[in-house]
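Right, I'll just put the structure down here and ask away after.
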C-alpha cells in the first residue's frame, strides 16, 4: 500500500441504541490519494462505518464503543462533525441528502460553511460547474425537483466546494441510469486524479467500484472478510460469484437460470 | 407470445408547472408478461407509475386497464381493481408490524365498516381471520418472511423491507404489479433473489409485471418487453435485444457500458 | 415467570388480551370497578367519574391524533357540542338520557367532520391551528346564542333512569363507567381491523396509503367523526355530571389537557390514553394533598398551589416528552416484561 | 362612518399589527431554523414584560437600561430553552416538540405567577406621552413607537437574511440536520442563535406590549393571535409574518370598531379558516414537496 | 379572602364561638376551575359535616346549586356577585356579602343621576360572563333614571390593545364611563389614551377593580378614578368601626377589599348560625338561610357604613369612592346608598 494513510480505522465497534451491535472490530485504511472501495451486502454496516468516521452516528443514537478512528493522525472522537468537515473530511451521505427546498446554488452556498475558519481562497463554484455543466443550467431551480442523477451530482458538487482531502462516498450509483453511473464514476476518477483527493467509496455495483478503485474491502456482518488490491479481489472466486455475478467459466450468469436453492459463501462457513 | 394488453397507455401527457414530465406517452402492457420501463433519471418513469396508479392526474391522454377506462377513477379504486405497486423510496408504514403492513394491502377488498369494527366479534373478526390465514399460507410462505412477521418494519434491513413491500403488493390481489426499482441498492446476490421472486410471481401467480429498473443486467435478462422513456417520451420499445442495440437508447441511457476503460483513460491522462 | 406463549390458532393470535394472566387481571379490575362505589367516599367517586369522562375523551383524541396523526386542539370544543346538545335536549324536550347522549355525540361527530374537511389539504400544525379556529368559533356561537343560554350557559335537570334521579356520583358512576368501558373497548376493536390499519397508514405516510387503496378523505373524516363522537359522548356525560354547561366549561386549555394526557400516557396506544387521562386528572388532586400536608411547615403552601399546579402540568408534559416519549404505557410495558421474566433480568 | 374615524382605526390597527408582526418574526425565526412550532412565544413575550418590570421597578434601574437587560434576559431564556428542552428533542415528531413548547408555556406562566402573583401589573412609564397626530388622525404614542421599533427590527432581520448566508444555514439546518452537519454547518450554533435571537425579539416585543396594556400571567394569549398571524403568513416566511401581522392587526381593529370587541378573535380565526382552504400553507409558506 | 375568613373565625372562636360551638374552617384551593371546585366540595363535605360553605366562581355556584339543594344541610356564599345568583328562588341556599353587579351599577347610576341629571353614560365591559352580567338590566335602570347609555363597548377578555375601543369611546363622548368585568387591564390604558385625546369623561369601576392597591397600580390614570364599594376601606377612620379597629390591630398592614369580603361573609354566616341556634332550630340549610334573611338593620361593626339587611341573596348597599393620588387612598365621594 502506497503513501501514508489519510484515514485509519482501527478495530472499531459500533452499537446502535445501546443494544444493536453493527460493527464488530473493523479495521481499514485509506492511503493518501487513493480510492478505496468498500463492498458488502445490505446491512453489513458500510454506511454505519462512514457515519462513524464523519462523527454523525450520535444523530442516530449510535456509539463507537471500542477502537479508534484517525483522520490525518487526529482522533476523530475529539472533533465535532462540522469541525471534521472543516478539516477536510467530507461525507457524501447515502440517499444524497441534498436540501430540497433550497436552490442548487444555495445548496452549494451551504457547503461553503466547510471553508469557515480555513485559510483558503473563496469557494470555487465554477470548478463545480465545470465538472457538472448540467448543474449550471439549473442553478436557480429548487434542488428537490432535480432528477436522481442530478441530485447525486449536486451532492458530489457540494463536496468539491469544501476542498476536502478525503471524500466518503456512500453508494453514489444508487438509482442512477447506467450512463449516469458511467459519468459519475468518470468524474470521481477525475476528481481523484486531478484534485488528488482520497476517497472511501461504498458501492453495491462492484464492477464500477473496482473500475475506479485501487484497493478493496469486503464487509460482512460488521467485519472485514477479504481485502486486497482490486486486481487480486477480481480474481477471487467468491467475489466473482457473489459480487460480480460471473459464472464458473467467467461468463455472466443469466438471472433466468438462477436456482431456488441458496448457495453458501465460503468465508462465512 | 404477446397476449392481449391488460394495460393500455395512450397519449398521456403530464406537466408540473413548466416541467413536462410526460409528453404523449403511449404503450401497451401485454398480459402475463414482464414489461420493463427504462430511461434516464428524470425521464418520467416514476411519474408514469404515479399517473397509472392515479396519484397524478394527466393533462391529456387516457389509460385503460383490463379493457376499462381509468379516466376519473381515483387512486384507491384503481388499487381495488388490481393495480398494485411498490415504491421507489420504500413506503412501508413504520408504526406497524410486518404482518399489519401486509394486511393493509388487502384493505380495498375488505368490507368491515365502522360499526362492525367497533363490535368486532362477528363480521369483522371473520374477515380478519380469513385474511390472516390467506396471508400466512400464500404470501408469507412464498416470500420466506415467516421469521419477521411480528417485527416492526423499521428494524429490518433494506433488502427485507423491499421484500415486505412486495408482500404487501401481493396482498392487494394484483392483476398487474408495478415495481419501481425493485433491486436498487442491492448487491448481485440480493438482486438474484429478487429476480427469482419476480419471475415466480409471474409464473406461479400469473400476475402481469410492469417494472422500472436501472440494473440492465437484470432487466435484459428477465423482461419480455422493454419500453424506453427519455424526456417524457417513448423513444424505443421492443424485446430486450432490440432495445439494447438501439443507437438512440445507447446514447441517451445505456452509455458505453465500460467504466473500467474510461477510468483507465482518465488515470492515464492525469499521469 | 412465564415462558413463551404458544398459540394454536390465528384467532388466539389476534385476541386483544393474549395471555391468561392478562385476562385474570382484567377480571379482577372489573370486579374492583364494580365494588368501588360501595367502598369509596363521594370524593373518590367524583374523581372516578371525572377520570372516566376524561378517559373517554382522551381515547377519542388518541384515535385522531395518536393513530391517524391529525393533531387536534379542538377536543374540548367537540365535547362542548355534545354537552350543549344534551343540555338543550334535556331542558327543551326532556328526552331520555341515552337518546340525548347519542344525539349529542352524533352532533359532535357531524361538527367534527365539518372541521375535518380541510384536513385533506391542510397538514400538520396548520391543521392544529385550524381546529383552534373551530373552537374559537364554536365558543363564540355558544356564548352569543340564546338557545345555549349565551354567556350564562344552561343549567339542566339530572338524568333519570326508571324514575330515579341520577344526581349523585354514586348513581352517575353506573352510567359513566360502563359507557366509558364500552367506548374504550370499541376503540381497541376498531384498531385491529382494516380501519385501524388505515388510520395508522395515514399517520405514517398518507400519500402512499392512498395509492394502496385507502381513500384519504373518507378515512380522515371517519377519524374526525369517531374522535368527535367520543368527545361528544364524553361531553354529554360531563353535562349530566355537572349539570351546568357554560361557554367557559370547555376552554382551550382543556383541549391541551387531552393532548397532554395522551402524550403523557403514550400516543398511539389505547392503554396510553387511559393511563394518561387518569394520571393527569389525579395529579392536581395529589398536589392538593401535598399542599395540605406541607401547610404546617410552609404556611403559604395553599396560596402557591395554583402556580405550582401550572408548573407541574407543564413540567409533566416536558418531562415525559424528554425522558419517556412513549409515555406511561411504555413504563407499564417495561414493568410487565420485567415481571414476566422475573426473576431473570434481561 | 366618517373618514377620520376610519383613518384612526386603521392606524391603531396597523400599530397593533406591527407588534403582532414582530412577535410573528420571532416565531418564524425559530421555525425556520429548527422546525419547531413554538407555542410558548406568548409566554416568552410575557416574560420579557416581567423581566423589564423586575429590572426597572424591582432593581430600580432606569427604564433605558432595563429595556436592553430585558431583551438580554429573553435571549438568555432562549439559549437555556434550546439547550435544555429543544436539543434533547431532536429527531422527535413535530407534535412532540410542539407539545414541549406548550409545556414550557405552562411552566413560564406558573413561574411568573409564583414570583409576581396572579394580578395584572403595570410597567413604569418610559415612553414619551405626547400624542401623535398623523394629519388629523390621532395615534396613541406608545402604539406609534411600537410600530417604529417593530419596523426597524423586522427590516434588520430581512436584510440579514438577504445579504448573508445565514439564511441558507438556517434553512439547511431545518431541512436536514445530518446533511447540514455534513456540509460543515455548526448545527448546534445555528439552533442556539436562532432561539436566542427569537426569544430576545419576543422579550422586546413583550416590553412594548406590556407598556401599552400592562402585564399579567395571562398575557400569553397574545401568542394565540400571533399564531393566527404566522399561519396566515406562512410558518417559515418572515415577509409572511410582516404581512400577516399587519393584516390581523387591521382586521381586528376594524372588527372591533364596526362589529364590537367580542368579534375580534372570531373574525380573525374565521379569516384564517377561509384562507387555509385556499392556501393550505398560508400566504407565503413553503409547500412541502410530496413525491412518491 | 382566605385570610379574612380565617381572621374573623379566630376572633369568633377566641371569644368562645357561637353558643359554645366553635367553627372549624377547612380550606381547599381550586384555581377557579369548576371541576376542581366540585372535587373540593365533595372532598370537604365527605370528610366533615358542613353547614357553611364558601365557594369561588359563579360557575361553581351554579354547578353546585342542585347538589346544595339536594343536601339541604348548608348555606353557601362565594366570591361572585353575579346578578343571576341573586335569586332566592333559583338559589335558595346561597347569598353574597354585598350588592350584586347590577346593584353595583344601580348605585353608580343613582350617583350619576344625582350629580348630573340626564348624563351620557358608556359601559365598557369584557366579553365574559363576568363582564356581561349587569349590562342589560343596568340599561333599564339607566333609562329609569333618565340617563342615556350612549355606548356599550365589549372588549375581548384578556385583550391588551384597546386603541380602537378608545376611539369608539371618544366618538360617543360620554360624561361617565363605567368599566366592568376587569380587574386592572385594560382600564389604565383606556383612561390614559382617553385623557391624551382630551376626553373629560369620569371613569368608574366596580368591586373587583376598586381595591386600593389595584387602583394605585393604574398609575397616572388612577387620579380621580371612582367606583362603588360596599365596605369601608381598611384605613377608613370616619365614624365608629370597632371591627375595623380589630382588624387593624390583628394586621397592621393594609388589607384588601377581598379580605374584607371574606371577613364580612364569615361574619354574616356566623350570624345566621347564631340566629338559627337562638331560635332553637336545627342547622339545616333552609333554617340558616331563614336566619340570614331575618337580618335587619344589622350592625357589622362598621364594616358596612350603615346597618344592613339581607332581603334576598344580597346586601344591596354601597358607596362611591374617589381615588386621591396624593393620599394614595380612596376617599368617599358620596353617602352610603341603599337600594
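Which chain is which? They are A, B, C, D and E, in the order written, and residues in each are numbered from 1.
By our rule, contacts are C-beta pairs under 8 Å (C-beta built on N, C-alpha and C of every residue); 3 or more make two chains touch, one makes a residue touch a chain.
Bear in mind that the values here come from a model prediction, so they are computed numbers and not experimental data.
J.: Can you list every chain that touches subunit B and also touches subunit D?
T.: Touching subunit B as well as subunit D, we find A, C.
J.: What is the touch distance from subunit B to subunit E, in steps?
T.: Minimal hop count between subunit B and subunit E: 2.
J.: Pick the pair with more C-beta contacts: C-D or C-E?
T.: Output for the comparison: C-D.
J.: How many angstrom between the C-alpha centroids of subunit C and subunit B?
T.: 42
J.: Return the distance between the CA-based centres of subunit A and subunit B, expressed in whole Å.
T.: 28
J.: Between subunit A and subunit C, what's the gap in Å when you average each chain's C-alpha atoms?
T.: 50
J.: Round to the nearest whole Å and give the separation of the Cα centres of subunit A and subunit D.
T.: 44
J.: For subunit C, which residues are shared contacts with two or more other chains?
T.: Within subunit C, the residues that touch at least two other chains are 207-208, 211, 306, 309.
J.: At least two partner chains per residue is the criterion; list those residues in subunit B.
T.: Counting only residues that touch two or more other chains, subunit B contributes 50, 55, 87-88, 91.
J.: At least two partner chains per residue is the criterion; list those residues in subunit A.
T.: In subunit A, 145 touch at least two other chains.
J.: Sort out which chains touch which and give me every pair.
T.: A-B, A-D, B-C, B-D, C-D, C-E, D-E
J.: Which stretch or stretches of subunit D touch subunit C in the complex?
T.: Where subunit D meets subunit C, its residues are 37, 85, 88-89, 92, 94-100, 102-111, 113-114, 118, 224, 227-228, 231, 235, 262-263, 265-266, 269-270, 272-273, 276-277, 280-282, 288, 290, 292.
J.: Subunit A touches which residues of subunit B in the complex?
T.: 16, 19, 38-43, 88, 157-159, 181, 184-192, 195-196, 199, 214, 216-218, 221-222, 252-257, 259-260, 262-263, 266-267, 269-271
J.: Would you tell me which residues of subunit A are touching subunit D in their complex?
T.: My answer: residues 54, 56, 59, 80-82, 85-86, 90-93, 97-102, 106, 109-116, 142, 144-145, 158, 162.
J.: Can you name the residues of subunit B that touch subunit C in the complex?
T.: Residues in contact with subunit C: 50, 53-55, 74-76, 79-80, 85, 87, 91, 93-96, 100, 103-108, 110, 112, 114, 116-120, 124-125, 127-129, 132-133, 136, 168, 172.
J.: Of all residues in subunit A, which touch subunit B in the complex?
T.: Interface residues on subunit A, with respect to subunit B: 39-43, 145-150, 171, 174-183, 185-186, 189-190, 193-194, 204, 206-208, 210-212, 242-245, 252, 254-256, 258, 260.
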